[in-house]
């Protein structure tokens, strides 16, 4: 198996901003994303009610190192101050690097 | 804490092939797996409808390096062409390595 | 993006002990945690029934290396023998290290 | 006494369970189902009888109601700023919640009027729809001013395409087209089960309400006082306007309920996105933790008395 | 006009909400619940009356119906290949969808016949079960040929042990054993609520249907034309066969509906696994995006007219 | 014959589907909803009639019932240790399951008595609540002894604040306060739909039961024998006590059912946390895989006969 290293950006934040967050990610040119529902606790307190306002989502994006930085910086600057959000980046190996390269014609 | 390094194989694919995928993984001899429901977007478009045909699953397998390669290659060859699927591999440390070694009597 | 490295501790275990596990983690002084529902299979058999007794949870904790060790050791010693549980640790980069440092006034 | 109305008892049981840190949970899928059901049922019931009226004739009333929403938000804001010493964004967000409406409270009021055999104008549901929006816009303006920076398009879509308005309007249209006879085939489901579904919904509301207590403790007395006095003041306004518009005592009471109720669905979502710097737990603690329980237990019967009283005056 | 049947209005509201990109969602747990409910209720109703018939006497009819499913898939395939220029796998997969049946469409037809007070043979539900399977097998054969490579065992299990058939058969058996009196205790739940549940189900179907529009735009006109003409052609076949089998007008109409309806549950799942190289969005766009809405709004009343007309001929 | 009671047929269909490895699943949200509904409905029904009784007068009976729970667990334990050769923890855990009660079984019994037109004392529901707890405590004591180490506080909270007791008690209180007339508005929902909801619940129970088969095969014959003989023995005790307490035949039968039923909700959760070293699949295999199906199919009618017989003796 010939592998190529990419970055996995994991974002955990409020479910209520899902639509907007996705829009932001696509503007940044991610080739895809995966979302799962989650609950949890952090500096903004416990978030585990069944309904949207208390719920979290867990968003994963596999992309190139450079895009990972862009995403991290952009989200930090846009959301950290006002929303419950954490973000962490992991090194991953992928089989089909071409699947995870920035979409053409998108602003960095 | 004495740690041992293993591989974490994460697969994101169509919910409809869950049963078959699990069968494949067990044939390959994984000692276990974890599944969560997910939604997302990739080259095969948005997959976020409530019902099975549009839904994704997120499968995790912790195993030895060699098995990780086998799994990755096997899935790539079997599913990549026809199914919405991505796969990435991460280095992880585990406490009980014996839990994550290939099941005996299974074909590599 | 200036990054800082932390540890991501991922725990997969029985949904029935969620409350107790969280209490333990907070006693150890984690700054937060994220939980998602999951199903799966391991040495204690298949765990995928809809209802609590057969269900799993997937708990993530981002923290400093030292705390990660403490958490791992504590959980191993407390739960491994009697509960379906696995735990693995990954290296992650975070943007706001201060968010992931041990809560003050908590016993290590 | 409504306190004896079983649906209210479900709310109290839910709240008690929540305070006892019970592991009782209504799955979110069920909560969504219940609210969709209530919205549709309310819409359907309203739509059936709406057929009797011409929207044109209703127009003046509708405008008046929209203004009511604006006025409520606009009066709440300075109070929150001055008396409450809230940051601009927080004051604006809370004001938006209280200018908007709570469907759960309205549903309880419908059940109460029903059990009290009080008649009311069927187009009240239309007012429910109309009151959802304006206060939210006022809130955003109060927080931001009328900057180009605000994505008004998105905000409007957020609310108009939101679950609440889509289900209410959808129900209204269906009921309006199908008419009473057309709906007989779905009567059992949408009307006979209404109170049972409402009971379960209130059980969950009780749990959600109890979950606000810690936040309430943190933010202290003012929110509690505001959460009780604001609806009373709003109810008076609502009664006055209802009387002015020549509504029946029942209709007047419902308008008072709409005025007194605070949103916990449309407004929170819209505010979180359009005024992110506002602390959402403040507004939820007030509307869910104080105003909702106050309205469903004491408020509604009180507002009905007010409405009856004001009608006796003339 | 069915367009006025409220359950259809729910479908239209759902579709409108979807096109308006509303955030209205029926949680998947509720969608599953609703389809299980509908399948069981249809099965129960069928089973109760099935008791009157001897399966042996029905056997010839049953065989004929199975053949109908085969014929439908077999005729759709060449059309899709030639006129539609579809790849072999895609043509086979779509053909399988149209040879199989849609329970949602059948449920709407039942509701329509009910409101039209049209009688029909109770064993129609049995035909619904019988039609689920054959076209799927034909589809796989068309795509693969009869290779050993296909895991027929798995395919059969996939469909027979699938939710749809288990619930329908389960309901049939229960209704058959318990009989009408035996079921009185669960009448309220399974029969009185049927249309209400169907209404909610159709609301979700509307949302799912709207979600197909982008795919439709991509795959262009042919799918739309096919999605309208194929059911019409199938309905004619169904009417003919129904008449031939001596069914009542109502029964004939239902057989036409079964023929005209396209699967969106059993077939997609089976095809995705047995013919993975077929593009699933093609078949779903046609069956969910075109044929389902066409059938529930215009098709069903039309097929009933056809059935009545054909009976007047003799 | 209950075997013909449709709700039981749903259980059998579910079990069959499970054994056929069908992909039929009742979403967990729906399962939670159904159990909450059943618990509330049972509580409500009990509460309405409880109003007639003075709790003081019932006190002796209540004490006796609590003792029954203790005795059942205490007798099961040595049998499991000696005859079953189970580890201490496992024996204690299983004993706790059989000393406690199953609401699903109780619901089926209510339905059965209803269809058999057999009267019973309304306070039976109170006994259901009372029997939930004691055996669990006994189980923990048997496994641990009375060590300080056990977190009794947490255990008590775990059970008392658990879904089961909160909903049952909540229902009782609401029904007791509101009374029969007060509940008319929610009758359709909580009483008319009861058997339909129970039917769906039993469908899922069938699936869960089938899922225990592999475990049963592993743990072998003893569990099966125990899972049938223990309820029979418990039922005899229950009948005896019922008769002793001067209950009607119906009430006696229900007490026998409570005694014979094995918990699969409260006990598993409590044991998993307080006696973690006990293997949970052992107790679930017995209570879900053997005792539940035995009780709902053969047990309940048998216990009713026992109860009638014992009353004829005097």
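Going in written order, the chains are labelled A, B, C, D, E and F, and every chain counts its residues from 1.
Here is the rule we use: a contact is a pair of C-beta atoms (placed from the backbone, for glycine too) under 8 Å apart; a residue touches a chain by one contact, two chains touch by 3 or more.
The structure displayed is predicted, hence computed values, not measured ones.
Shared contact partners of chain C and chain D, listed by label, are A, F. Considering every other chain in turn, the ones in contact with both chain D and chain E prove to be F.
Between the interfaces C-F and B-C, more contacting C-beta pairs are found at B-C. If you average the CA atoms of chain A and of chain B, the two centres end up 20 Å from each other. In this assembly, the C-alpha centroid of chain D lies 41 Å from the C-alpha centroid of chain F. A straight line joining the Cα centres of chain A and chain D is 35 Å long.
The residues of chain B that reach two or more other chains are 36, 90-91, listed in rising order.
Within chain E, contacts with two or more other chains are made by residues 23, 25-30, 32, 188, 193.
Contact between chains, as defined at the top, is found for A-B, A-C, A-D, B-C, B-E, C-F, D-E, D-F, E-F.
Chain contact summary for the complex, chain A toward chain B: residues 1, 3, 6, 8, 22, 31-37, 60, 62, 90-96, 99. The residues of chain B lying in touch with chain E in their complex are 14, 16-17, 20, 45, 49-55, 79, 81-83. The part of chain C that touches chain B in the complex is made up of residues 10, 12, 36-43, 48, 56, 58, 69, 72-73, 76, 80, 86-91. Across the complex, chain E meets chain D through its residues 4-7, 9-10, 13, 16-17, 20-30, 111, 114-115, 188, 192-193, 195-197, 199-200, 203.
Contacts from chain E toward chain F in the complex involve residues 27-30, 32-33, 36-37, 157, 160-163, 166-167, 170, 173-174, 177-178, 182-183, 185-186, 188-190, 193.
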